[in-house]
């Protein structure tokens, strides 16, 4: 059986769900951001795989993968800046302890 | 085109072994010897003198010594990461060489460049592999769990990431003029002595040399290792052959930078009379000599000077040079 | 044969190191395990003949974002976090959610008939991507520079200590 | 052939790792092993180590990392542009001019805000 679109999609689903799991259960904000990076990578695998198997001539899948990588870098930059700010002001980076806005 | 997979795999393994041996012998062992000899010459002393004729076998003896040294993993270290960090650095140093064209052979009228693989994204591949070294160094610094190593690793990482960008701008300026990212294509785009990009891309050449020196952590940019204040920085805790692997990776990287400078700016294998491979080696060793010369001539910079040089001088200069090159090619070329 | 083997090896590298990222109690190990994950994904891109995206993946994810994450771990926690509880109370629930989502998505994906195309990718993807960025996707290209500028400004403002 | 190219890269990774690990194996066979607790102590210039290695580091490391990530991403747009702008003429040059000017504003902002100062 040659490696087809579905195979890549399954790998990407598994990667996405691992990222989701990290996001839902981790206490450390940096680890949550790592989970988000995994999810974005899974999305990128999807984009590139669809590009190859469904519409190879247009290349828009790869172009959008690059845009997603850009956004991932920005997200990491701003997200980690927030972590630093939280650590400076509250001296913790565990999200369940950051609850000053909780009512 | 039909591909004969077993033959390709055998060729790949053979080439990998060859290149690795070349790096271990020519880059690391001969490189260290050259470094010590040139250092001695510049400082009016003799350098290694006793092992073999004129100390030629000094590094061979050193290697044999290192092979017998005990491996010590510090109690506080994270053993898995501690042991894999030198491997990452050494393998990243090896991968750089895939895209370096050594020369050209003529078989039945067709010219075949002597390169492991002429990848489409050649220059980008080189930059990507060079950026992997940072991870290895940071991992080594973290895993040692030692104050010197950690500080050295962090400093090293912040220095390497600072100089990666000027390096990339220099690569892009060359790729713009050549119109391709493939290293073989870039060499082919340079014709004759004055057609080499060292002339038309002179600012990029200068930026590249400075950034490459910093990227491989050499004096005057050797703060992360600074023997006299950080006791060798991120590899303080490494003993024996693991230390040698870091050293191998570092020299492989330095020779790779010299080889890339040769390829991008000095016309690669091109030259009259002598065969291409010889020209390539002459040019590469000339750049290596230049790097060693600076090492033994200049004092070490301060950290703030080092970062200022990268962010406030080289990066803006590189970006402006890219725009100027683009302007010249778009509007002034016929 | 070779293709399947390569695909299986790369998937295993990706997913196994992703499990370490998700599961390790040592935050530094989790961050370093991101590197093989990203490199495995790079391998998958190469199998999908997206070599330019693959190069960028190594350059940005493995070479830049990982380094930034490691810096932040260094600057905040002040340790590997081994002695601190790393999971919150909803861990079983989270596991259940993720597993359920994976099951649903996989069952949907394997049943769907995807449209097939017989066209081939351009030989030289880097220049084709350049062409697309400068002609059809020019808006995405310019907007991404704005996004970069704004996130740079925002992150500097957030991260710097107020004087 | 694209996949052949990358087969070489993959094999270089594997063979490189094996050949780099080989001397470590030789050492494992040859080297003496004498476990003394002092040997496995963290090296601190001969003084008995104290405290954790994890000191608090300066926030500036993060700022440089951040600016690096942003400009590294900018570079990914420069690579494809560099090899095609010749064919696309003036339009492509102007597009990149706008792109780079916007990013240089970012660099100037970081400079002005003192994010590029180490002191």
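Going in written order, the chains are labelled A, B, C and D, and every chain counts its residues from 1.
By definition in this document, contacts are C-beta pairs under 8 Å (C-beta built on N, C-alpha and C of every residue); 3 or more make two chains touch, one makes a residue touch a chain.
Model, not experiment: these values are computed from the prediction.
Novice: More C-beta pairs touching across which pair, A-C or B-C?
Specialist: It is A-C, judged by the count of C-beta pairs in contact.
Novice: From the C-alpha centres, identify the chain that is farthest from chain D.
Specialist: Ranked by distance of C-alpha centres from chain D, the top chain is A.
Novice: Roughly how many whole angstrom separate the Cα centroids of chain A and chain C?
Specialist: Those two chain centres are 6 Å apart.
Novice: Counting in whole Å, what is the centre-to-centre distance of chain B and chain C, each centre being its mean C-alpha position?
Specialist: Result: the chain centres lie 28 Å from each other.
Novice: Would you mind pulling out the distance in Å between where the CA atoms of chain A average out and where those of chain B do?
Specialist: Chain centres of chain A and chain B, defined by C-alpha means, are spaced 33 Å apart.
Novice: Approximately how many whole Å separate the CA-defined centres of chain C and chain D?
Specialist: 17
Novice: Spell out, as numbers or ranges, the residues of chain B touching 2 or more other chains.
Specialist: If we look for residues of chain B contacting two or more partner chains, we find 119-121, 124, 150, 154, 161, 164, 181.
Novice: Residues of chain A touching 2+ other chains?
Specialist: Within chain A, residues 66, 69-70, 73-74, 76-77, 80-81, 84, 88 contact more than one other chain.
Novice: Provide the list of chain C residues touching at least two other chains, using ranges where the numbers run on.
Specialist: 47, 49, 51-52, 56, 59-60, 63-65, 67-68, 71-72, 74-75, 125-126, 129, 133, 144, 148, 151-152, 155-156, 159, 161 - these are the residues of chain C that touch more than one other chain.
Novice: Between which chains does touch occur?
Specialist: Touch list across chains, by label: A-C, A-D, B-C, B-D, C-D.
Novice: Sort out for me which residues of chain D touch chain A in the complex.
Specialist: Touching chain A from chain D are residues 59, 62, 66, 69-70, 72-73, 76-77.
Novice: Taking the complex as given, what residues does chain C use to touch chain A?
Specialist: For chain C paired with chain A, touching residues are 3-4, 7, 11, 14-15, 18-19, 21-22, 27, 30-31, 34, 37-38, 41, 44-45, 47-50, 52-53, 56-57, 60-61, 64-65, 68-69, 72-73, 75-77, 81, 84-88, 90-91, 93-95, 97-99, 101-102, 105-106, 109-110, 114-117, 119-122, 125, 128-129, 132-133, 136-137, 140, 144, 147-148, 151-152, 154-156, 158-159, 161.
Novice: Please give the residue numbers of chain A that touch chain C in the complex, ascending.
Specialist: Per the stated touch rule, the residues are 1-3, 5-11, 13-22, 24-28, 30-31, 33-35, 37-38, 41, 44-45, 48-49, 51-60, 62-67, 69-78, 80-85, 87-88, 93-96.
Novice: Applying the document's contact rule, which stretches of chain B touch chain D when the two form their complex?
Specialist: Residues in contact with chain D: 1, 3, 8-9, 12-13, 15-17, 19-20, 67-76, 83, 86-87, 90-91, 94-95, 98, 116-121, 123-124, 144-150, 154, 158, 161-162, 164-165, 168-169, 172, 175-176, 179-181, 231, 236-237, 240-242, 244-245, 248, 303-304, 307-308, 311-312, 315-316, 319, 322-323, 326-327, 329-331.
Novice: What does chain D use to touch chain B in their complex?
Specialist: 1-5, 7-9, 11-13, 15-17, 19-21, 23-24, 26-28, 30-34, 37, 39-45, 53-55, 57, 61, 64-65, 67-68, 71-72, 75, 78-79, 82-83, 85-86, 89-90, 92-93, 96-97, 100, 103-104, 107, 111, 116-119
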